[in-house]
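Below you will find the structure I want to go over with you.
Which chain is which? They are A, B and C, in the order written, and residues in each are numbered from 1.
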């Protein structure tokens, strides 16, 4: 980790931010001061402790139902990260497999998979997500699936391209000459060489998915209440922007910082891995 | 007044005179030619100007500016003559309407009995696929007496027919024009008798109304009204503050106080007749036990919800009869907030530790239901009722309700467009379409009420209805929320107590 | 070459057909429009009657076939909500969305190119750091949040810009900026990294060695080649930009296709949803096709496998 940071301060900074967010997400019950869904209308719309009649009891203020913004922010990290990481992971698995198969086998399989990817990419993603969530209903499982659908194509395309190139390399030709199965070749020789760029893409996709999830929540199609997600908090806070801006500002900042951290990390990784990539191709 | 007892005809004549005195005179000399342009921002625009294909209340409340019905409402909400000067019930199934003479459609066609027959026939014709056909389903047919008299025959006694044929579902079309222009044209180029003509319409952008200078009530004061649909609350309010529009509706409750502090703006609120409630499925245990239902009512602090979510802009309702409705009885008190009593009742019913239940709510309809639902669930949580929230998009929720696939508890609101409690209560106790509560005694009371034509005699009968409903507690009784209108100081406008956006009296000062 | 073009066209047509299938079946499974359209007083029997009248009861394949036959003639059915033909309704709103998205793309490019070039030519310096910082933040900010912040600041607090609606420069600048921000960030980094590569290429070094001035070298040699991936990315991002437009159009009540489609989805207005998805997806496919062909034309060295 330290070596990473020394080689690329960018990645290091990113890793730090992301690490903090992950820690917050994992230790939410310890860090939060109240139950995030516990409402108390008598203290609704209280400001953060440094303004007016705010107090340290609710350091970042309360929302329209008297719920503690700070605690909801911490728990929100849990949900937002879980959905995004799971979706990105699912999409990556599907996409990488699709790309490997398409790139290595070529021919009709390649065409079909790439056409499917094109088809998927032809839809403005958020409309697709909207329609599907409106159809299936908004819950954790569906959201993860929907977001995965919006991400697999990226991996498929890149991995396919790389596979195509790798397919012709000597060590692959050699393995084939020795009579190895396709699957074995893919797993032993192609896959390890695409992992690096896939990881970079994955981190950046997590960032994009967090933004998309918050957009879906914003439009009212995210995880249902009272579960706190940052996107949902943003949407709720939007109605109270002029009287209680903190409700929207903090989750907006949280999204910004988390995504920023992930982008730092992804960039740093790409910088680190790039020279190595270059050496291979 | 004469010493003999007042007949219905006298009562109606008095109403007609009062209406006239209130300024709705026909053929009156125009005060001054309409002038000026007003810009208004609304949360939605009509989906069509074809009165038989309207979807949603938002459309109905707006196109009443371009068309007229046989009856209308005045600023207090009383039913007054419009295209019909008077009406009477000939027998249980026939209403007779005496039509106003000398009224012309915007294109010059005459309004007469043919117009009425044509319009009603079209609405009830299956080929029209009218979305409002269910509301006019009591109509069997229309007979023309003479050019200015129609008899509308109903299949069953319908005491609400004059209201139905008013601004709600009786907007009148010209037979000649409608047949010539065709269905698609009417949707965007309406030809009505109303105070305004639709000059232009760029969907989702702007809609321009122009004064009908030969309107039978007298020309409106303003020559042009430009309507902009501004969906986002924040954008709409910002438009008013920036002076881009002169009037907006509705204003979100959270912004009312801030806008009231603005000297350049005037904010007016009305108690909109939209009744919020939580429907309880009385067929499913534990909700078949009245104690449990009452416990639910004691558990929710509705007054605090009104104070914090609506900033005090609402009225607590003891039952499902709204404050402006006929027969509202303030002596029927709402359930007080008493969580310990709620717990006690639950224990008595056999649930000392509460229970789990699913609770449906939705987003995206004419009003916000998801926030109050959250608040209510929070209160239920505190007395041990662990509610699991299902939030749907309104268009997904509709079918679920109609197919009886809702959770045992769901929040809803019904707009009392008829201003008549029996319509609302019938709808809420129909025994199907998600509303499962039925009570024979209640039905009996309502039937007696519906057979009473005189509103003054109907009113007191509602007291017993309200008491019965309260004790039975088939709903968690909530409130009606105020609707707030914001306008710049140069606008002279008083909103009507029903939800209709009646722009005729709008005036500009200076 | 010609075979390649023909091939791409053929697959484009196939993709569009696939789009129509997906959009048809997708919207169909989202529920029944009858309940949403009828007033609350409708009984179950009346709803059934309504559904029969509108043909919602026929089997799905029959309805799809009907849909396809009509679609070929440009008839996507009459909007359930607006009572008019769907395709013209959508087409009428395309200019608004195009105005917004094209402005956003131009804005993104106009900001990204100079920023990226500056960063590349001053690599490692404070300008570079600043530019990269801006780019990273721009990529990370939720654009709808940014939109609301902008309205609050520029429209409400300072009264400089109108809050919503379509119009000229003053109206389009905020929504376009909100859409452009993510793209601009992406493009800045792309321009920078491509420029850095170009600037170290042999032919550029040769030009420098010949003593040509820095700016000349940059603009005549490095930049045009850096623009190729730029064009590609912008084109490929069009689908993403349309998606961004959807949310932003709602916030600013910009009367474009995005806003219209969201409303149609929420209202179960099938004909409009089908028409809209078809048009939008076709637009994306055509733009991708154009980008692919443009790419080949611009850089003959590339041959797609």
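Throughout what follows, contacts are C-beta pairs under 8 Å (C-beta built on N, C-alpha and C of every residue); 3 or more make two chains touch, one makes a residue touch a chain.
The shown structure was predicted, so the numbers you read here are calculated from the model rather than taken from an experiment.
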Category of the chain touch graph - line, ring, star, complete, other: complete
A-C against A-B, pair bridged by the larger set of C-beta contacts: A-C
Chain B and chain C, separation of their C-alpha mean positions in angstrom: 40
Intercentroid distance (Cα basis), chain C paired with chain A, Å: 21
Geometric centre distance via CA averages, chain B-chain A, whole Å: 45
Contacts with 2+ other chains: residues of chain A: 134, 238, 241-242
Touching two or more other chains - residues of chain C: 30-31, 148, 156, 250, 266
Where chain B touches two or more other chains, by residue: 234, 364, 393, 395-396
Touching residues (chain side chain B, partner chain C) in the complex: 47-48, 50, 53, 55, 126, 129, 131-135, 137, 183-184, 187-188, 202-205, 228-232, 234-236, 238-239, 241-242, 244, 364, 393-396, 398-399, 401-402, 414, 427, 430, 432-433
Footprint of chain B on chain C - complex, ascending: 30-32, 35-44, 46-47, 49-50, 53-54, 78, 80-85, 89, 92-93, 148, 151, 155-156, 159, 162-166, 250-253, 255, 259-260, 266-268
Residue ranges of chain B in contact with chain A within the complex: 233-234, 252, 254-255, 258, 301, 304-305, 307-309, 363-364, 370-371, 374-375, 377-378, 389-393, 395-396
Contact set on chain C toward chain A in their complex: 11, 14-16, 18-19, 22, 26-27, 29-31, 136-137, 139-142, 144-145, 148-149, 152, 156, 239-240, 242-244, 246-247, 250, 258, 261-262, 265-266, 273, 277, 280-281, 284-285, 288, 305
Footprint of chain C on chain A - complex, ascending: 115, 118-119, 121-127, 130-132, 134-135, 164, 207, 211, 214-215, 218-219, 231, 234, 238, 241-242, 248, 252, 255-257, 259-260, 263-264, 267
